[in-house]
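Here is the structure we will look at, set down as structure tokens.
We call the chains A, B, C, D, E, F, G, H, I and J, going by the order they appear; numbering starts again at 1 in every chain.
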Amino acid sequence: MNRNDVTEKIITAKVSQGLKWSEIATKVGMSKEWVTAACFGQMTMNAEQADAAAKLFGLTDEEKKWLMIVPYRGSLPTAVPTDPTIYRFYELVQVYGTTFKELIHEEFGDGIMSAIDFKMDMSREKDPNGDRVKIIMSGKYLPYKMY
Amino acid sequence: MNRNDVTEKIITAKVSQGLKWSEIATKVGMSKEWVTAACFGQMTMNAEQADAAAKLFGLTDEEKKWLMIVPYRGSLPTAVPTDPTIYRFYELVQVYGTTFKELIHEEFGDGIMSAIDFKMDMSREKDPNGDRVKIIMSGKYLPYKMY
Amino acid sequence: MNRNDVTEKIITAKVSQGLKWSEIATKVGMSKEWVTAACFGQMTMNAEQADAAAKLFGLTDEEKKWLMIVPYRGSLPTAVPTDPTIYRFYELVQVYGTTFKELIHEEFGDGIMSAIDFKMDMSREKDPNGDRVKIIMSGKYLPYKMY
Amino acid sequence: MNRNDVTEKIITAKVSQGLKWSEIATKVGMSKEWVTAACFGQMTMNAEQADAAAKLFGLTDEEKKWLMIVPYRGSLPTAVPTDPTIYRFYELVQVYGTTFKELIHEEFGDGIMSAIDFKMDMSREKDPNGDRVKIIMSGKYLPYKMY
Amino acid sequence: MNRNDVTEKIITAKVSQGLKWSEIATKVGMSKEWVTAACFGQMTMNAEQADAAAKLFGLTDEEKKWLMIVPYRGSLPTAVPTDPTIYRFYELVQVYGTTFKELIHEEFGDGIMSAIDFKMDMSREKDPNGDRVKIIMSGKYLPYKMY
Amino acid sequence: MNRNDVTEKIITAKVSQGLKWSEIATKVGMSKEWVTAACFGQMTMNAEQADAAAKLFGLTDEEKKWLMIVPYRGSLPTAVPTDPTIYRFYELVQVYGTTFKELIHEEFGDGIMSAIDFKMDMSREKDPNGDRVKIIMSGKYLPYKMY
Amino acid sequence: MNRNDVTEKIITAKVSQGLKWSEIATKVGMSKEWVTAACFGQMTMNAEQADAAAKLFGLTDEEKKWLMIVPYRGSLPTAVPTDPTIYRFYELVQVYGTTFKELIHEEFGDGIMSAIDFKMDMSREKDPNGDRVKIIMSGKYLPYKMY
Amino acid sequence: MNRNDVTEKIITAKVSQGLKWSEIATKVGMSKEWVTAACFGQMTMNAEQADAAAKLFGLTDEEKKWLMIVPYRGSLPTAVPTDPTIYRFYELVQVYGTTFKELIHEEFGDGIMSAIDFKMDMSREKDPNGDRVKIIMSGKYLPYKMY
Amino acid sequence: MNRNDVTEKIITAKVSQGLKWSEIATKVGMSKEWVTAACFGQMTMNAEQADAAAKLFGLTDEEKKWLMIVPYRGSLPTAVPTDPTIYRFYELVQVYGTTFKELIHEEFGDGIMSAIDFKMDMSREKDPNGDRVKIIMSGKYLPYKMY
Amino acid sequence: MNRNDVTEKIITAKVSQGLKWSEIATKVGMSKEWVTAACFGQMTMNAEQADAAAKLFGLTDEEKKWLMIVPYRGSLPTAVPTDPTIYRFYELVQVYGTTFKELIHEEFGDGIMSAIDFKMDMSREKDPNGDRVKIIMSGKYLPYKMY
């Protein structure tokens, strides 16, 4: 047994039960962004969160333990994602990568936006020309150390 | 001559003159995000914007024309970026790729967040534990067509 | 269970029953192009379409549910396809990629042809020198946003 | 000197003179699709076409001769294109690759659509919901030989 | 079940029964080159050929049907083959690729040798310095279309 | 200076003078297949052949010496060739690779067809349905050594 | 001009003048590890450090400015380094990658060792069986955020 | 059965029993760094160590033997690791690769730090600004041989 | 069943029985180098050798037949091997590749060292500074053919 | 200026002067294997050796200094070499990689053959069936450290 087995079992249970990520998030007690990532094997649950998830998806004790183990992260089967919904985010990195870099350096200095001390929120933005996906990312600025 | 030559000339001019992207953006009359991307050869300027940029950077007429030509986009020398500041964004795609996908589909249905009808804003988020980089992305939702 | 299992079951059923994609399309009530793509795990069926497909291919209830889940798209095992029939389309991208780009930009401006708000039709074109494959593609033009 | 040098000279001349591909096509006497591809080093001109192009772009005699030499084809710097306008066509191969294959085989038998005995036409399709890019491809069907 | 399962079953049967490709070819009624390729999942059999193969290898009815389905072609596990016997052919493409191209263009014009309307014959060439492998390839010339 | 410089100079001279490979071959005194490969930096000329080539293409003494140096072979810019005329040969390796292997082993035993002690001949095969490219390859069989 | 030009000029000056990294570090006023990385275009100097470096290497004013610009990081020409001295560090990642991960998680929880808030020291460790390279790395632990 | 099966069984047992690597190391009688690597199939145990591990994880005799067989090393599924905790080490190679090389050569001459005659120690470094991961590596210097 | 299954069964039997390659080689009646390669699916056994191996490892009749079938060669899971013991040989190709080439050409002319008509011997070389691995390779020189 | 420039100058001088590697080796005072590698930028010369080489090839003082700088090693333009003479050595790694590994481990234990404390000798082996290339490699055995 490994974490992928647990992930696949969770997805199958979600499909069978017709659950929504927002409902699952409420049960687990964290944001829908974090909980979805956790269910896809990208975040680590604590005991309480894992209990809630195990109950919801009908996991065994051993399966539940895997939710509390730090996973080997990386959710994509290829370096450049083939799925169009995900590819658009890769495209943003390709098109705006140097822009992200320049503006972070101009505002903060030489450093990065942390992808670890990071949170995000995805929501619907009403728009008469067609609704928009709105994503707010917030990552701690980490300056390069001189020594 | 090609667009890369113009990009390199712009960067060199910026370094020499000690300009900031926010100042350049004000001169060009658009957001700092869009203008930085345009200067890096990722967006297309109209005549007025190109005039402003050409004056600022001391471009020739032919160089200015290149700013108004749609560029071959893609700002990174490798599929997986080596620069740590940019890599963190690639890492977000790796870690959160399936999460982006799931939550867009749950909220909107089968479709994507456009990376074309897209805008973003990067700013400093004050935080006592260390300031944070805040990025707000907004892309039009585009549903898959059935036919 | 995952979507690939359902895809493989559908293909096997099609082989066993000797069905044609055009017949399947009629049963599902959409074009043959869209239905073939959907059966190969590239499009998402609604409840009615999934019912029809499930009946036709003898799918279980859980398998049917997978047809209604947005799939992880990408139908090829390698980035450059090895199958000659599919490779020819990749070759068109290699040979005509810059031409597609130039002519879209000349006619419409800086933007793309959507592969999401997209439909296509494939048919036989009678020709005394040998019949031809005719493909009509239609994708919405999406202009790059300035901001 | 090589073909790429000639291609770059042509593009630069086009930018400087502000020419359109459709005007160039009229001068060369072929379709805009074929002429654009030829100028990008993907098709071979005959003497008359090369004369017209050389006059238009101010090419030397040696440069003109390169237009009549069969080029090493392939217009993209990477196997998976980074430019979004071109990537959408690659995406179609990823999403519809197996569909193209299945429908060609169902209608014609075991064979391919030729990318050599091939022509295409790109045009604007008026649409109240936003104009569309329309591409009509026509390639000869070539059956696999049994022996 | 998929085509690979059938291929593996055929190879195993061939090993167990100690059959030769030339014997199998005689039974199927086509050349040894075509029949070997077909058994490796690279060509499509008609009903009669599939009947003969199914009898020879002890295939079930469903397995036999797979022999009549157009396969997803490509017989190598890596883009550059590791097996030395096959690699030598890849090496010929590397060393003689530009030569093939030049001589085809010189003799025929701008076009290709078809790999679809193609046949080949492999035989032993007696030689006092050591026998030689002789391969005769014949592929239809297809000229690039101007339009 | 390196061999590529010499190759490019030869190609340019051939274009300028309007020479044919078959004429060049006659001058150099070897087959058109070998001479074309040699001019593309894939074979090594002896003194006499290099003299003839140098005279024909107007090479300097140092350039001529490079023709007599064993080159670093490999004539393609990418592992999988993008040029359609050359790609068809790669496709043959993909589709027939296992067939080449099986038939060599069946006829000769465990070994390879040499790509070193190798020669080939390319010619036009007249055919009422369209002329064909005919390639005859002949490579020495080399058995694997047991020890 | 770009940063690589400055890096190459620095290396050439160091070779010509026979300087040592430890001497350069003393002049620049930081550790030898940081200064070497900075000279190779991996760290950003402040005005004082850049002054010292410019004087030492004879840089122009514009070249000096490049030392103060945040560089595009990544010092290796290939994803897997070919140089044996550097490869050994890649090998450590391959062999000990999962070990690094497990032990960080066991001691600290779910998070990473920062490569940004990071310093290191390389020294000689005397050993009768042959001296050893000793590297002390110290990176801030950054915990994954729950939200 | 192969070594991966044993590795997966060990990990599963560790998860089920809630063991820590430091406890396992104590039982096996070596450092936690070496034992973790050994359990992940990167080091070879002797009989005594394998006995202790087998008892701890409930391995069969055959499984225990695999622990004493030299493994095929390499603990990562991709050349560039996707997991952020491991990626940071790859990033260090990218950013500091040339620095490692230069400083080893300056201090020792032309040679490498051995990754075979190598040991390391990972520990917590208390720090008021946040604790730090401290890694001490020690590898024998090996000079290139002249001959 | 395929050759890999047989290879894995042989390795498992070797581990279980605690056999050495040199003992196996004696039983099979060939050198330890050839026999190890054959057991790893890289060489083809004749009937007598396969009988000996089958008896030793307890293979079935069908499994034994696979030992007599020419295998698809290539013993490494990645193009650049991750295992350090094997990587060192790849490193030799990287560092000495051009040297091998130059010295073969200088001594023999334009040709190769055959990897088919090839044998090798690996032994221990006693040395007071630490024993050495000694490998003697002998491959037939094959000259490139002119034609 | 960089090391590649010096390498190219050396090769050109060797071609112009018609020198042999064995003569160059005699002048430099080391083996032909080591000297060839050094000239190709894979080994580091000391002052005396560099003097001899500089005199022979007519190098400037600065160029001579580069010969004494430790180079960035790796002599091949692609990970899998395309040149057939060099490829055969890569092929040996592919075919015999696991055999090298097994026999080193059987004779010596868990460790590697050093590619650093390494020497080799290439010579002609007279053989009535065709002369053979004989390569004797000798690398120090390095055992993995337990700690």
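Of note:
Here is the rule we go by: contacts are C-beta pairs under 8 Å (C-beta built on N, C-alpha and C of every residue); 3 or more make two chains touch, one makes a residue touch a chain.
Note that this is a predicted model, so its numbers are computed, not measured.
Minimum number of contact steps separating chain B from chain H: 1. Looking at chain H and chain I, the chains that touch each of them are G, J.
Chain D maps onto chain F through a rotation of 70°, based on Cα atoms and reported in steps of 5.
Chain pair B-H has a twin interface among A-C, C-F or H-I; that twin, with over half of the contact pairs alike by residue number, is C-F. Across the assembly, the mean Cα position most removed from that of chain E is the one of G.
Note: centroid distance chain F to chain G, computed from Cα atoms, is 46 Å.
Note: centroid distance chain C to chain E, computed from Cα atoms, is 29 Å.
Here the CA centre of chain G is 41 Å from the CA centre of chain I.
One simple way to say how far apart two chains are is to compare their mean CA positions; for chain H and chain J this gives 31 Å. Taken residue by residue, chain A touches two or more other chains at 33, 70, 72-74, 76, 79-85, 91, 94-95, 98, 101, 105, 111-112, 114-116, 118, 142, whereas all remaining positions touch fewer. Chain pairs that touch one another are A-B, A-C, A-D, A-G, A-H, B-C, B-D, B-G, B-H, C-D, C-E, C-F, D-E, D-F, E-F, E-I, E-J, F-I, F-J, G-H, G-I, G-J, H-I, H-J, I-J.
By the touch criterion stated above, chain B contacts chain G in their complex at residues 8, 11-12, 15-16, 18, 77-78, 80-85. Within the complex formed with chain D, the residues of chain E that make contact are 30-31, 33-34, 43-44, 46, 70, 72, 98, 101, 105, 110-112, 114, 116-119, 142-147. Across the complex, chain A meets chain H through its residues 1-2, 62, 65-66, 69-70, 72-74, 76, 79, 115-116.
Considering their complex, residues 20-22, 32-33, 36-37, 40, 42, 73-76, 79-81, 83-86, 88-108, 111-115, 118, 120, 122-125, 127, 129-142 of chain H touch chain G. If you check the complex, the residues on chain F that touch chain C are 80, 82, 84, 87, 91, 94-95.
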